[in-house]
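There's a structure below that I have some questions on.
First chain written, first letter: the chains are A, B, C and D, and each begins at residue 1.
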């Protein structure tokens, strides 16, 4: 792992912090949680049950009907990709963790671990606005914990010197791009829940393309 | 992983210990086990099955009914967070492992791995005292193995010099805070099993807040 | 992890790459994803349900009927072994990652994570050509992303100096051996879908045996 | 991970081995596979379904009926503990891997990954001899691959100098203790399949206790 630059704990912490796992342990747990959540998503794609005597006629049709679940799978996988990158990025600029930061991480993992459930709901009941609200709410909660974690690290002096205030604030703003999109998706869901899922896909697309948003906050 | 300070095995161990995995391997397995157990918890939140023609009316109501399972998920996730921190803390003060310590770890992982089952039972049958007893018993067993592991490490000379006897004993006492809460929850379950689950939530809450208990044993 | 030789990011990348996880984080996520996908395959082998009063007569017969699922399990496990080796091999020759390479990795993990689903389909409906096409298509997609990742790394200057152009091109050709076999399997599936699964088994067999193909491209 | 002493590949290997993952990558995959297989075992303990109006009367009785599944869980968990230690021990003495050793590892992981299936069968149909034979056969296969891996490493010069021939042969013999017990369990299963599962428990018990067997081969 050897995440250079992440020390066991901030210099200013005293004996009180003796039992805080180091940053490398947290990132190891993070990699494990993300790898498992990402791969558990596939369990949400139920295999259709077709009777033996109808196999020739119906199998292809039935399997093609999994596309709503498959699209929920794809959206969740890519959105989790953003969060994994985001979480790692924060740790890249942190020189240590303390008790509060540690528990913020565990709460972050908790909301991330709920994604297979909310993905399953939106994949199964994707025509219903409510399923989309639940899904968007889950993603917004994850973003919010990530934001609180970052702002707490800023205030508690857990950031390295290279992370100056300008950069730290711009990173905060960036985290809010996701929730803005998810709120927009909730709005769209009053017209079409299916379309709203596509709106959520904007988050990874904007993140992948080095577009104006990205250029803005890297400057 | 590079958990500095954990050597492959204690100096006093002879050839007998040739096949003992190093502390870094054990913590790697621990991170894996905790990441998986934490994320498997979500499988205990069953998605409600609603017929297509009742979707508009009933989906929201049905999904909101998952709250007992969701609250069991939250309690277990946070309690597992404590155990993950506790296990890491012990290894922070250990200079090595031997055969006995290794198998105590495997038994610890075994009881941790049972948490998705006991969480599922308490999430599904949460109004029944028996489900709460089963859940509390699982947590008490985990704490007991952690305590035995720590006390064995003390006696077998597996602790580093910085872990003096005063500190080691105070850590032992701290491990017992959890079981005390879980026993109290069993008592409460005779009045209300739902309330008893809330009592268990006290364990992570006390652990997160830097309250008097924490201050006591860090001094 | 300490994957020597993989630096955090290529020298030519500027401040724009600040949030890119290092190669060691990506390989850690890869190891997690592969370990989980490989072990999740076993969930595709359903345990037969036999009534209590028929146990003596029917259990052995019923369990032996899992062989189509077991053979799909074996084929997928070995094919995933090839991809795990292939992904690691590419990182062995890479000196860093950038944003595009990172997202190609996440897409690669996404298609890998679909394997338990397509394996389940081919294990359950193995007599139907369509299930084989779906399975082969999944594997072809994985190979294609791996190829795009490698060719992108070549062009974007992410390879180490030891990976000369001759070697890089020969590696590209090797990645195509898998898809060639999978296309052949689709052809065979018009005669027999069961036989086509055996054809896919050629991929790991050719990879394990140090045969002429291997000798060719290592020269 | 930083498994000191495991180099990327044996000195005698030439360019042919360019794509072999290093020993640290294999042990990382091993830790992941073992962590997942161990925790997936819990999915074999089905939660009993009790109707709401019978909860008070029947829940405790129904849950106590899981004990055959729970005992299969415990036996498998501890036996997997032995294999995890055994696999790590072999890598402790290996100075590198080559293509053949790599694929022997993947086959080893494959048989390990089948354990949740065979455990489920023996937990569900534990009164039937056939379920025990299947389970014992799975464990014997794992041991055999581990033995082949060790003997191959001996012959192919993959062992470090500290692993002299005497020690290497004694380790080979030790691996056979497990299969001997599993064969005995198959014999016992003709009288009682339940008792045979207890016989398998002898393997971890003998491994944990520093008894005569252990003393013999460490000398």
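To be clear about the criterion, a residue touches a chain if its C-beta (ideal position, glycine included) is under 8 Å from a C-beta of that chain, and two chains touch if they have at least 3 such contacts.
None of these values were measured; they are calculated from a predicted model.
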{"item": "C-alpha-based rotation, subunit A on subunit B, 0 to 180 degrees, nearest 5", "value": "90"}
{"item": "Numbering shared by both copies at the subunit C-subunit A contact, with half separating same from different", "value": "different"}
{"item": "Maximum centroid distance from subunit A, chain identifier (CA atoms)", "value": "D"}
{"item": "Inter-centroid spacing, subunit C versus subunit A (mean Cα positions, whole Å)", "value": "25"}
{"item": "Inter-chain centre distance, subunit A versus subunit D - centres from mean C-alpha coordinates, in Å", "value": "35"}
{"item": "For subunit C, residues contacting two or more additional chains", "value": "1-2, 28, 32, 35-36, 40, 43"}
{"item": "List of subunit A residues in touch with subunit C within their complex", "value": "1-3, 27-28, 31-32, 34-36, 38-43, 45, 47, 50, 55-56, 59-60, 63, 73-74, 77-78, 81, 84-86, 88-89, 92, 208, 210, 214, 218"}
{"item": "Subunit B contact footprint on subunit A (complex, rising order)", "value": "1-2, 15-16, 18-22, 24-25, 28-29, 31-33, 35-37, 40, 43, 99, 102-103, 106, 109-110, 113-114, 116-117, 120-121, 124-125, 127-128, 130-131, 134"}
